[in-house]
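Going by the order they are written in, the chains are A, B, C and D; count residues from 1 in each one.
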Amino acid sequence: MTKPVIEVESLAKSFGDNHVLKDITEKVEPGQVIVVIGPSGGGKSTFLRCLNLLETPTSGKVAFEGQDLTTLDTKSVNSLREKMGMVFQGFNLFPNMTVLENIKLAPMKVKGTDNATATKTAHELLKRVGLEDHADAFPDSLSGGQAQRVAIARALAMNPEVMLFDEPTSALDPEMVGEVLNVMQELAKDGMTMVVVTHEMGFAKEVADRIWFMADGYIQENNTPDEFFAHPKTDRAKDFLSKILM
Amino acid sequence: MKKKFGLLLAIIVALFMTVVPLGTQHAQAADNSLEKIQKKGVLVMGTSPDYPPYEFQATVNGKSTVVGMDVQIGKKVAKDLGVKLKIKSMSFDSLLVALQTGKIDMIISGMNPTPARRKNVAFTHVYYQGGYDIVINKTDKAKYKNKDSFKGGTLGAQTGTTQYNAIKKQTTNTKSKGMTSQSDLILALQSHKLDGVAMEKPSAEAYVSNNKQLAAIPSNFNMSSDATSSAIAFRKGSTSLVNKVNKTVDQIKKENLVKKDYLPAAGKYLKTNTVNTSMGHYWKAFATGIEYTLIITVCSVFFGFIIGILLALARMAKGNVFKTALRWLATAYVEFIRGTPMMVQVMFVYFGLGLFVNLPALTSGIIAISLNSGAYVAEYIRGGINSVNIGQTEAARSLGMSNGETMRYVVLPQALKNIWPSLGNEFITLIKDSSIVSIIGVTELIYQSNIVRSDTYRGVAPIVVIMVLYFIMTFTASRILNYFERRMQHD
Amino acid sequence: MKKKFGLLLAIIVALFMTVVPLGTQHAQAADNSLEKIQKKGVLVMGTSPDYPPYEFQATVNGKSTVVGMDVQIGKKVAKDLGVKLKIKSMSFDSLLVALQTGKIDMIISGMNPTPARRKNVAFTHVYYQGGYDIVINKTDKAKYKNKDSFKGGTLGAQTGTTQYNAIKKQTTNTKSKGMTSQSDLILALQSHKLDGVAMEKPSAEAYVSNNKQLAAIPSNFNMSSDATSSAIAFRKGSTSLVNKVNKTVDQIKKENLVKKDYLPAAGKYLKTNTVNTSMGHYWKAFATGIEYTLIITVCSVFFGFIIGILLALARMAKGNVFKTALRWLATAYVEFIRGTPMMVQVMFVYFGLGLFVNLPALTSGIIAISLNSGAYVAEYIRGGINSVNIGQTEAARSLGMSNGETMRYVVLPQALKNIWPSLGNEFITLIKDSSIVSIIGVTELIYQSNIVRSDTYRGVAPIVVIMVLYFIMTFTASRILNYFERRMQHD
Amino acid sequence: MTKPVIEVESLAKSFGDNHVLKDITEKVEPGQVIVVIGPSGGGKSTFLRCLNLLETPTSGKVAFEGQDLTTLDTKSVNSLREKMGMVFQGFNLFPNMTVLENIKLAPMKVKGTDNATATKTAHELLKRVGLEDHADAFPDSLSGGQAQRVAIARALAMNPEVMLFDEPTSALDPEMVGEVLNVMQELAKDGMTMVVVTHEMGFAKEVADRIWFMADGYIQENNTPDEFFAHPKTDRAKDFLSKILM
């Protein structure tokens, strides 16, 4: 059995009196695609952000390849973050740089990659997400779907071992959802380990290895998609599914 | 009333001389004074050129020259005698002695023919009866006759002058108000804060001839006419010379030459030009004002920006005790500066720093405005940094960038773009705020307008001119800034 | 050098009297002057109380009284003669005549015993040798000895005074600088913009005794000692009386009473109090300043808000030609006001409007600031209206509301809530900006600080005090506004 | 045959050079539920806003109950708008008023209804959208689903004859979409004439009488839902459906 990429143990996170994550213990195996679903405000984003320490856990342990992140100093945390690419609902492209510059910035400034190599990699990645023509465009001129694909390419440029997605399609016009999900599906096929928060049930059913259903600060269910959608065990999950599928 | 101190000394000298008769006094016996001068062909006139419009220094064709109505009189006297005029400048106190010792042939220097002086020199007839006028608004001309017409009203005069004492002591039921500047008095008069302003006749005439809304009435102050009249002095006993010159003086008086020709001619040389009061004539003064206003603005924006960046960084410092102290200090500084008027800050820097180092007003002004501007700029920069979406920071951090790298490569470039409009506004604000350093005497636009005001005796026109000039500057600046802003947004 | 004009008149009177001998002159024959006074039991002293610290009016226990060092001397003289002192105030010019006509018994009025006067009255010994000192920074004490030590440096004096002429004419290689205010000169000195300030001895002493950083050196100006010394005048021939009083004068001089007792005592009455220069002592002056600052601020905020609403509505007027013109005018007004400094606007209103109506400075200031503030408030209101989401308008319109109903029920309530913080800021800005009306003489805080400065001879302390006062005001105001802001948001 | 409620004839609308609506001629019969679908930027919102003159048409005619709106003066337009309720993607509740005040404002200020009547109607409407408990809440304290239901109640308070919906659910968390669609379905059942722009295909299939497919400034197809989803005629529609159904 391979070593899990991410191990979470008794993770808890509060904002003041608001106990968002209460007690979470799960692991992610290499190559697995985890889809996290659950009601709004249930702590899905907070959980994802705890994984790469954008949010500092209140208690508990988050281990990446066996190494407990919560014990590391700032510098090591920075370099560990490189290994976990993250894509946000709001793209967060740097508006003052072209698509190419967006992708090259982190490799060059953080890893010290030289310009030529970084440019070459960036062009390859753009091809992979189907945007080789838009290298010199500014983010403002892109559609939402295109921007999100650039964001994925940018995260991939750091050559991460895990990709975290936080509702990557929920800010998009319905027409553009498909093109982003397609790119993610390709990534999964290529064996990328992924943790995805999404409301796209089609994607969850088709691509996920496991569904984690999160509500009230706990992972309430952890199951295969077929099992979860066909026979949700908890009332919380049944209620959620009934609402979301109408 | 000219140089009373000199007068006193002169009297003392004169009294002294009555005890020890000088050699010149026996010239009285045989009077060949007229002959002697005409033989010499040159008449040396002594004068003390610091009493405009009587006599004063002016730059004529690039050379400092003695001019004034007394010089005109001297020329006329010399011409009528058929000789050349030579002018010797000296202090007023030395004039009598110089005459009596033969260094000069006559004195024309606004000298009053007092009894004390008469004992020692020979005076011609009075060529100019000076004295005091009261300047009033022309609309009130029917109302006021002289000093006694102002019962229940207010008269103004320059503090510390003879006329100031006169309005205090020689009027009844009249309030008196002293101000230091003649032109402020006129403004107060025109804005009906005063009913009349007492001043020496020639000044009054200058004001009235330059401002159609004013009129002058006699003051009727109770003063010996000796104290207000001027005559030419010759050596005692020069009867023939004096008689001859008296003819000239009588002619001058008969033809009213002083008022008609000499005073207007003298006026031309006054400081700048009291005749041409059009604003265009003062374009150089205004240009200097604009120059200094812009110098102050540009320097202050530059230093203010540097100070602002340092303060903004200091306000965001977090970590050890030192950094916390720094943050605390920067915060206190910014709050204090933003909580007090710039005028006080300017005064504080000028007078306060001045206790330790000798700073020119301009430097003090730039320092004060830069320090002030820095506090505001710091807030713009902080605001600019905060306005960068937190998502940008998170994206950068999730790519493995450190705090510093994130600030440098992602946040600051966007922040600076965001605050560019604020910085532009700050520039425009400083164009306006630089006006405040006028209070410490920097020759920027407002200061210059005050100079023009006192020069032209015109109260509102210079204010309107600089108002328009300020507007042109701020308007132009905002157009230019908008242009660059738009260009930056296209990038 | 006191009242030279009066002096001149006196001399003229005196000269006149040598021609027409008066009845009093034969008193010389039988000198019973001392007896007569002692029999009368009252000594009438004539003085002209407008020459501090010699003699001047002051309010003592609510009554205007003549005080000063000359009064102290008069009291001492009377005491030593064993009689009561009675003081008669009159103009300086009348003193000699009053003495000679028996209206008064003696003159103590800073009178110089000039030869001319000596002919007509009998003077005692000199009781005070006045003259001129040069005030310098104490640190320079080793460097400067007298007027001749300032070669290459700059000396200052009040313009138009005798000492000003002296620094101009009696120094070599020394620049001279005239200013109108004594306290500005001292500030300039302390901030090393001048190397020394020439002034009358008593003034110099007042400054030096009140400011430990200053020192006085003799000026050594070349002046007749008569012109700077003071003596008591009695009627000609009152030898016995003069001899008796001379003993008193000699004692005063021997014991240095003038400097030790009389001058400090006189100082107590000067204007306010020149001895107690602590800032706390001036709390009333500062309180007045705060009062006016707040009056100006509150009135201007009130009127500014009204003007602002009108302007904002005018700027949004759309429709027929009239409305377009209105919009155009309002826009031009707002842009022009925002593009010119408030200082110019204040001057414009004060001097410009003053040409037509007689406005007090305070009213002018409030008008100017309200007009200025209105332009800014108009922009806040416009901004507030624009900041209301367009969706709100659309929702209201889609419910069938008219344009006016939408504005009134939906947009304006939200806009006013949005601009509350801006209006609060405007209030705080006005607390600071009200300082600008000091230039037209409104007694707000900065103006008061200038008064305290010239009263205490302390340059920086009053500035620091008002800086702190301003900060307290703005800080308090911002806390109060924040409190209400938070409460409004909770609603 | 009944008279159509809305008739649109040769409607065109441009923003400068951007010809958003080119030539639209359609009508809405009383009691019909029309669902407008189409790609983003296709002019759906603009079309809806032209119906109640929130946007002034560049040319063409919009008639409400036979009356051409484009010829009316401002006052008549205002009173005609009362008869067409509109619900926006962003709710646009008035944040400074309670839910009850939001609903009462227009009836009282525009129709002059007295306070008691308006309050009574408002409570009835709140009951109808399932929010009788939230009468005194402020909009900020409502969830998106609740806010949108209040917006519907507010529009209904003017007793409109037509309801226009512009993507009423696309700003909502997935869980809340159902509650809003349910209210709309009820409305439709009660016989309200409705024009709905939405991306919710489930709703379209179930509730719509006609589907109008709008793209490039034209209504490209006008068909029953069954027919449209089963056999889209134009390539544009096929392409759109393939993307949106993934």
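Worth pointing out:
Here is the rule we use: contacts are C-beta pairs under 8 Å (C-beta built on N, C-alpha and C of every residue); 3 or more make two chains touch, one makes a residue touch a chain.
Chain by chain, the UniProt names read as follows: A, D = Amino acid ABC transporter ATP-binding protein; B, C = ABC transporter permease subunit.
These numbers were taken from a predicted model, which means no experiment stands behind them.
Mean C-alpha position of subunit B lies 74 Å from that of subunit D.
Rounded to whole angstrom units, the spacing between the C-alpha centres of subunit A and subunit D is 36.
In subunit D, no residue reaches two or more other chains under the touch definition. Among the residues of subunit C, none is found touching two or more other chains. The touch graph of the protein chains shown is a ring with every node of degree two. Of all possible chain pairs, those that touch are A-B, A-D, B-C, C-D.
Within the complex formed with subunit B, the subunit C residues making contact are 1, 3-5, 7-9, 11-12, 15, 91, 114-116, 158, 160-162, 165, 169, 180-181, 187, 190-193, 224, 226-227, 335-336, 338-345, 347-348, 350-355, 357-359, 428, 432-433, 435-436, 438-439, 446, 449, 459-460, 463-464, 466-467, 470-471, 474-475, 478. Only residues 39-40, 173-178, 181, 199, 202, 240, 243-244, 246 of subunit D touch subunit A when the two sit together in their complex.
Every residue of subunit D that touches subunit C in the complex is listed here, in rising order: 52, 54, 74-75, 78-82, 84-86, 88, 90, 92-96, 105-106, 109-110, 151, 154-155, 158. Per the touch definition, subunit C reaches subunit D in the complex via residues 389, 391-392, 394-403, 405, 409-410, 413-414, 417.
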